[in-house]
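The same chain A turns up in both complexes below, where it pairs with chain B and then with chain C.
So, the complex of A and B:
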């Protein structure tokens, strides 16, 4: 635990139930009656993402781009910023879509997203990151793993900051927590603090 | 503007999720790749699928796409002379 004392949760974003929170403050709250794809479209417009490639992505990558864009806006980070992400359902939704498309002519644009780690690539492309990255599949949110792996990267000197968190998507139900971890901030990067951020809006 | 060219623009916008473009934004001679619409290699594969699904044209050599997917006009000319449906 001592190793974590010099690193802080510099910024955090939570996306759940048609709402987006930045450091627990609501920055976007949409009608709970809209469907998931409309939520992704409306969020893009209202948060001025201005990244047309977003529309070509699968929903998991859209959540990753939406979350990372808001998380990193105005933040000081380098190209070696590492990505340590996780979820429980891998690329479930786009896998189903791909399986259904196999009844006729398969869509290459759907197929290319049938791995969860593609979201790492999309975020890296958008921010020109050249860094360590990893995507874990876990039964549930695992703060221990995220803190341990992120700390290992930070302490190795390979990265000055890490974006870590959870991007879960299954049957259009989404649950996202992303944190920017660096030497700057007030909230120590600990398992307890990460869990507390995850529990926010989850209870 | 011919119906086929308009139809192609609409299909490309829908199939390639070019949500921020309208038919009016695409000129018949605009480059589809590079500095034009900025399509990428995955889009090229989607265009091959589009030719097969909508016009019954099966490209066996993906390199053919380089000559066909230059612009809406070039695509329309190819479709008019090769379509099977």
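So, the complex of A and C:
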């Protein structure tokens, strides 16, 4: 019983090198000389996020909110949309900030972000997704795991659609691919197609 | 397809095997002790910390303790123990690793180890290569539900036909990183933690490793199956539990539904019970909404402290043994009920016929997990 063919990559976004792509179209391209924090600020303005909580978040969550906002804008998705995200560096970007503060005053507002799955919580809050969540750590983008696991939760009825992807942040270098997977669309949800979306503009 | 919870081990301050841990629990011994630490105005804090030299002694049977971090030693020993008792083909046995922070303190001061040893990928690779697992390890890092979610993920993949056997290994340390963070939250208890009690004032941290074989191969005798499981995000707050217990309630409903069971068929409930004011209250609300207030319930945090990414696996293993042994273990340090809804807290060791249990967990990021364990006899 292969139901996999019923699932499609309904939409996808890519964030890399000061650019944001929707499917394969550039929707935002910023000056490559700006630093990472400026990129996060400028993207927020240019994409008219209008979500003040964004400014309190750590950088990994900001990337997740930027990506999911572009991904889900105008999409018809259900509250039962699971989140299946992965990366290599966990929350080390903010872990390092927490660690540097340990000699003096530790901030709970920083510490709370020192788990990779907090970005799942932030996306769930913004889109009121009371759904299955998981964060996997992988040494590199692994389409096999994302497709295999997303399929198990879709086929078992634990979710109706899935946002899956890769959200890596290390030394201010970021690399994001998010996909909305559902019954609607033209691109079959396969490892090859997911891999292709990741490789695009990523050579 | 029946997914069975088979060989298991807990490595903790209470012992280096599941039986040693159970013996300590039955004797009412806690792993929580006062440890000196200059971060604290009163000179220290209560935590469950594993004796490093005792660990190294135990580890020396399988390897050179100087080559591995404390957490690696714990998780390698746990994996070894499960492998010892099984003839598993490592070319097709999955390895699923669960941890929240792994060797995080190496990120700052890596001492004898390279800094990249701090990454969970490195931790997984050490375990994979030590034993020669051929499949790429799956690493789950989903806050305090990680250890249980990893078991649920093993079940889901086995049901989907990805593999037949998975070893789930979980571990976390009482790191300076985590201690300083929870201290900044003012979430640490001044005494050994008192889950669900009126005078509870926060968590105690603990460290441990655990491992379990999840398999679809039936054994003769008593089998414990993972019947249903569900995880639901609160979509409410990243660090505060939902006041309505929404995500936990929904997780329980979904897990019951998958199991085709009703709340009245649950004989025992193993709660998360961290002993923070808000967590325990949230659980009481969710359990009452799910009509579970009459079910005997305990928290194991009084024995271990909060072992983060290991806790839900340790407690799943203990729940499994409660079912096998028909035993209810007391919720250590419980005094007077201090939540707004009724709960049937287990206050003393009790022998009782048990068939079905519910294990729950909740964590930062708004995550919640419910798992239904059921006993069957294969004669």
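The working rule: the second predicted complex is superposed on the first by the 200 of 203 C-alpha atoms of A that agree within 3 Å, B and C clash if a C-alpha of one lies under 4 Å from a C-alpha of the other, contacts with A are read in each partner's own complex, and residues count from 1 in each chain.
FYI, contacts are C-beta pairs under 8 Å (C-beta built on N, C-alpha and C of every residue); 3 or more make two chains touch, one makes a residue touch a chain.
Predicted, not measured: the structure shown is a model, and the values here were computed from it.
**Student:** May I ask you to decide whether A:107 touches chain B, chain C, both, or neither, giving the answer as first, second, both or neither?
**Tutor:** A:107 contacts both chain B and chain C.
**Student:** According to the stated criteria, A:85 is in contact with first (chain B), second (chain C), both, or neither; which is it?
**Tutor:** In the superposition, A:85 touches no partner, neither chain B nor chain C.
**Student:** When the two structures are overlaid on chain A, which partner does A:167 contact: first (chain B), second (chain C), both, or neither?
**Tutor:** neither
**Student:** Regarding the shared-chain residue A:52, is it in contact with chain B (first), chain C (second), both, or neither?
**Tutor:** In the superposed model, A:52 contacts chain B only, not chain C.
**Student:** Comparing chain C with chain B, which touches more residues belonging to chain A?
**Tutor:** C
**Student:** Classify the contacts of A:149 with the two partner chains as first (chain B alone), second (chain C alone), both, or neither.
**Tutor:** second
**Student:** According to the stated criteria, A:130 is in contact with first (chain B), second (chain C), both, or neither; which is it?
**Tutor:** The answer is second: A:130 touches chain C but not chain B.
**Student:** Which partner chains sit in contact with A:98 here, chain B, chain C, both or neither? Use first/second/both/neither.
**Tutor:** In the superposition, A:98 contacts chain C only.
**Student:** Could you list which residues of chain A make contact with chain B in one structure and with chain C in the other?
**Tutor:** On chain A, the overlap between the chain B and chain C contacts is residues 106-108, 112.
**Student:** List the residues on chain A that touch chain B in their complex, please.
**Tutor:** Per the stated touch rule, the residues are 41, 52, 55-56, 104-109, 112.
**Student:** Which part of chain B faces chain A closely enough to touch in the complex?
**Tutor:** Of all residues in chain B, those touching chain A are 16-20, 42-43, 45-46, 49, 52-53.
**Student:** Using the touch rule from the top, collect the residues of chain C that touch chain A in their complex.
**Tutor:** Interface residues on the chain C side: 100-101, 104, 107-108, 118-121, 124-125, 136, 138-143, 149, 153, 156-157, 159-160, 162, 176-177, 180-185, 230-239, 246-247, 250, 254, 363-367.
**Student:** Could you please specify the touching residues of chain A with respect to chain C in the complex?
**Tutor:** Residue positions touching the partner: 83, 88-90, 92, 95-96, 98-99, 102, 106-108, 111-118, 120-122, 124-125, 127-139, 142, 145, 148-149, 151-153, 155-156, 158.
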